[in-house]
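Next come two complexes, and both contain chain A; in the first it sits with chain B, in the second with chain C.
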Partner chain A sequence: MTVDALAASPPAKAGTAQGPARAQLDLELRNIRKRYGSFTAVDDVSLKVGKGQFVCLLGPSGCGKTTTLRCIAGLEEPDDGGILIGGKEVTQDPPWKRDIAMMFQDFALFPHMTVARQVGFGLEMLQRPKVEIAQRVQQILTSFEIAALADRKPASLSGGQRQRVALARAMITEPRILLLDEPIGALDYSLRETVMLELKLLQQRTGISFIWVTHDQNEAFSLGDLVVVMNHARIEQQGAPEDILLRPATAFVAGFVQGNNVFRGRMGEVLADAFCIETGTGTFLAPRALGAPPVPPGTEVSFSVRAEQITDQLSDRHVNRLTATCTAVEYFGSVRRHILERSDGEVLKYDQFGAHAARIVPGQRVTLGWAIESTVLHGRAGA
Partner chain B sequence: MSTIRPRSAAGYWLALPAAAWMLAVVVVPIVLLVWVSFWGGRAFSTASPLTFDNYARFFANQTYLKLVLGTIVHTATLMVLTGVLGYCIAYFLVMKVRSPGWRLALFLAFIIPFWTSTLIRAIAWVPFLGVNGVINQTLMFAGATQSPIEAFLYSHTGITMAQVSLYTMMAAGPVVYMLNSIPPQLREAAMTLKAPPFVVFRRIVFPLTLPGVVIGQVLVFLNVMSDFATVATIGGNKHALLSNLVLLFYEGSQIRAASVVAVLLMLCMLAGVVVALRVVDIRRLGA
Partner chain C sequence: MGGKLGLRLTGWVLGTLTLVFLAYQWLPIFTLALLSFSGPTGGTTFPMNGTSFHWYEELWRASVMNDFKPPLLRSTLLAIACSATTIVLSVMAAQAMRGRFRGNGWFFYLMLLGLMAPGILVGFGFAIMMRLLGVELSWDTTTFLVQVSWTLPFGFLTMLAVFNRFDARIEEAALTLGASRLTAFRRITLPLVLPGVIGAGLFGFSLSYDEYARSMFTTGPELTLPLAVMAQLDRQLTPEIYAVGTATTFFSLIAITLFTVAFWAMRRSTAVRRS
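Now for the complex of A and B:
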């Protein structure tokens, strides 16, 4: 897919009378809340999306990410809180008055319209002249390499083709924000990586903000400028992908992100440069930042350590140590993952990189360790 | 290769009882009917010569031709009325009634009257429409009129009112089904593409329910064309449609004339169905 057609006419919707600070933001959510009866779907969610940002809402199913997206689209009205698009208050506005477009999980193509007709639908609604619509439809179909499908109806298209039609239909009006609800979830695995790269390039060239909902962390971490991890209707953590990978703020985030080992315990002694955390498998040290301990001794806390930060080749640096029994060894490309059982029965993951020979085999008991700075203490005990 | 054999002998044997039944009660009588309509001469026997005289006599009579036209206009009126009312009811049931329990209850309320026969339901209108009927009593009590309105019973208006109530749910049923099968995301997608609600209805919802509308219209068309009972009970003897003419001729022992009208009625119905199927691909109903 080439993106020249869209890049040639970027949306010129910068600074307005609203003032520069606000105009910088494409989207702002202020403490939005949505309940269905006694079930809270979205709870106190706040989010700021800068101009042309790629945001991924990541979380397990039922965490409220899709409801949040629907609130932004205007398909749901939040019970509380405010939504600003491009600095303009839109909380009460219906979808057709918002500067957004949305791509649905199953694409929601209109079965009775030809590809050309439904791609042009958005422009028709904006009451553009017929000649202009025909031109721009032709242009976008060509750039998405689906011009040959112009007269076909959705039923005769493949999954990949439908995805392109849905994207073309949403992008043609050049909205400020494009909302995508698991946009590649319905595609074959073999297609996903290519489509992800294309979409990322498209987003960068057009400068349209993307809000991408997914439960797949690979998607979120490879696409997002900003990753927002949600659980139980709340935002657990938001930040750059490496922030969330390397410094999970809660036990939930650490557990949800692949490759973390999560430990729960009690805050113990506070040393000059480290905290002692007492757990069922021993006492571990976490680095102490400047200032007082975040929680008083005795409080329940959790921490995590990444599987690749652990080693079986111990030195003086690796002061955190534990013994575990290897139960399985798995290979993911160039990564060799050891699954071990800790003395408290929990699973411990230990990753080795490179193609050297295995040192640990299933059944073997080993002592592993990691450095103080590899321990990531969570801000709160977590869910 | 599939183990399901589309042309196994068992399939034909399974179809045989129904086919035999249809042959005996539908195909053979229709063939006889068409045959009788061409009988000439004075004697009523299978030896009669075949002629177009019966048809010529029918088409030479202005009154009969007016009756054909009147039947078509009346049926078209019914189709429009039941179509609009039926669509509104279907839309309300599917789009506005959120609770499944209420939807079922309301749907049953609409359907239950169909448990009684058409004739009984037609007769049930008499105490409503009559000079001392419920409608007139109500109007007079409310002061809307001084003397009872006679136009309801034994009138064209009365027939129309009764038939609308009889056939509206036939128009609504298929639309309910089609509306139910439209995924909500389609309407949402249209809204996010800047379509306000009425445009969403006109461009997305209505075109997708069109096969249901047409099927409902075909049902109403066929039923109204062949409904002689309502016309006879509500219209008295003052009003008649083609189907009543069949009965009239039959009761007058004019079997050949009755056959002619019956054949013409069937041709009208066939033509109507063919036109309806040209408008919309009915096979899409299952898709």
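Now for the complex of A and C:
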């Protein structure tokens, strides 16, 4: 897919009357809340999306990410809170008055319209002249390499073709924000990686903000400039992919992100540069930043250690130690993952890189360790 | 091999049963149609006394006792009006049910009440109520109202079934592309549910066209076709009545054909083209 046609079109929309500061943000959610009866689907969600940002809403199914997206689209009205698009308050506006487009999970193509007709639908709604519509449809179909499908109807298209038609239909009006609800979830696995790359390039070239909903962390971490992890209707953590991978803020985020070992325990002694945390498998040390407030002993806390930060080749640095029994060894590309059982029955994951021979075999009992700075204490305590 | 044979056998058995059933459904009408072509001296039973168009000429001249033309016209207009009303109201009611509203369960059952209530009682009760209110009974007012209460539930159920399978996200896609609710309905929803709409219209037409029980007490002096036919049967039975039956059946068939052609045309325009 080439993206020249779109990139060549006039990009940035002028700032609004509310001043340049506001205009820097494509989207702002202010404490939005949405309930269905007694069920809270979105709870106190706030989010700021800068100009042309790629944002991924990540979370398990039912966490409220799709409802949040639908609130942005105007398909749901939040019970509380405000939504600003391009600095303009749109909370009460219907979808057709918002500067957005949306790509649905199964693409939601119009079954009775030819590809050309439905791609031109958005421009038709803007009451553009027929000649201009035809021209721009031709242009975008060509740039998405689906010009040959112009007269076909959706039922005769493959999954990949439908995805392109849906994307062309959404992008032709050059909205400020494109909302994507699991946009590649319906594609064959083999197609996904290619399409992800194409979409990332397209987003960068057009400068349209993408809000991408997914439950797949690989998508979120490889695409997002900003990753927003949601659970139980709330935002658990938002930040750059690296932040979330290396510094999970909650036990949920740590557990949701692949490769973390989560421990729960109680705060013990507070040292000058470390916290002691007492768990069922021993006492572990977590770093305490200079001047970080002490945490009252006995407070319930959780922390995590990444599987690749653990080692079986212990040195003085590896002050956190525990003994576990290996139950399985798995291979993911160049990673060898050991699944071990801790003495409290929980699972411990330990990753080794490189092609050297396996040192640990199933059934073996080993002592593993990690350095203080590899312990990530969750919550405000670690900040 | 045996399975294939069994499948083929099942196909033949079911096919034959279907044909027998269709014959069972249509033979009585065919019998009447045949007798309506008997000669001028013909009776109302077999064997036929000659063949002619005599009874159709009689019918057209309306010589015997009643002129069937005005009732035919009335019934046709009434059926068209019921059909149109059923279409509009059933689409609106089914759309409302999609959105869910307070008391939608009650609304659903009240709509279906028209289907359950015995027609003769509905007609009678309605006539009494109109009398009480001082409304004069007439085929184009009171009969129309009471017939719509009969045809509407059928259209309503048809549209509910259609919307039940309708993917609302297609409409939502239109909304996010800048279409207002009305435009989305006109450009997206309506074309996609049109086959169902035509079905609802067909129910409205055919149920109204041959409705007797509900019309009996509510029509006033100007009779609809079923009432006129019954009146004729009461007085004198000649092949003319068969001619009436055949003519009206023919008329219904034309209406159904028109609807079917429209339906087919819609299907073609929304059809899936398989590559």
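What we mean here is this: the second predicted complex is superposed on the first by the 374 of 383 C-alpha atoms of A that agree within 3 Å, B and C clash if a C-alpha of one lies under 4 Å from a C-alpha of the other, contacts with A are read in each partner's own complex, and residues count from 1 in each chain.
As a convention for this text, a contact is a pair of C-beta atoms (placed from the backbone, for glycine too) under 8 Å apart; a residue touches a chain by one contact, two chains touch by 3 or more.
Please read these numbers as outputs of a predicted model, since none were measured by experiment.
Chemist: Taking chain A as the common reference for superposition, should the pair chain B and chain C be classed as clashing or as fitting?
Modeler: clash
Chemist: Examine A:Phe353 and indicate which partner it touches, taking first as chain B and second as chain C; both and neither are also allowed.
Modeler: neither
Chemist: Which holds for A:Gly122: it touches chain B only (first), chain C only (second), both, or neither?
Modeler: both
Chemist: Contacts for A:Tyr36 in the overlay, against chain B (first) and chain C (second): which applies, first, second, both or neither?
Modeler: In the superposition, A:Tyr36 contacts neither chain B nor chain C.
Chemist: Kindly classify A:Pro95 by the partners it touches after superposition: chain B alone (first), chain C alone (second), both, or neither?
Modeler: In the superposed model, A:Pro95 contacts both chain B and chain C.
Chemist: Using the superposition on chain A described above, determine whether A:Arg152 touches chain B (first), chain C (second), both, or neither.
Modeler: A:Arg152 sits against chain C, while chain B stays out of touch.
Chemist: Which chain A residues contact chain B in one complex and chain C in the other?
Modeler: Overlap of chain B and chain C footprints on chain A: residues 73-75, 94-96, 98, 100-102, 104, 106, 108-112, 121-122, 125-126, 155, 169-170, 173, 179.
Chemist: Given the complex with chain A, which residues does chain B contribute to the contact?
Modeler: Against chain A, chain B makes touches at 183, 185-186, 188-196, 199, 203-204, 207-208, 287.
Chemist: Can you tell me which positions in chain A touch chain B when the two form their complex?
Modeler: Touch list, chain A to chain B: 73-75, 94-96, 98, 100-102, 104, 106, 108-112, 121-122, 125-126, 155, 169-170, 173, 179.
Chemist: Enumerate the contact residues on chain C facing chain A in the complex.
Modeler: Chain C residues touching chain A: 167, 169-170, 172-181, 183, 187-188, 191-192, 269-275.
Chemist: Using the touch definition from the top, list the residues of chain A that touch chain C in their complex.
Modeler: 73-75, 94-96, 98, 100-102, 104, 106, 108-112, 121-122, 125-126, 152-153, 155-156, 169-170, 173, 179
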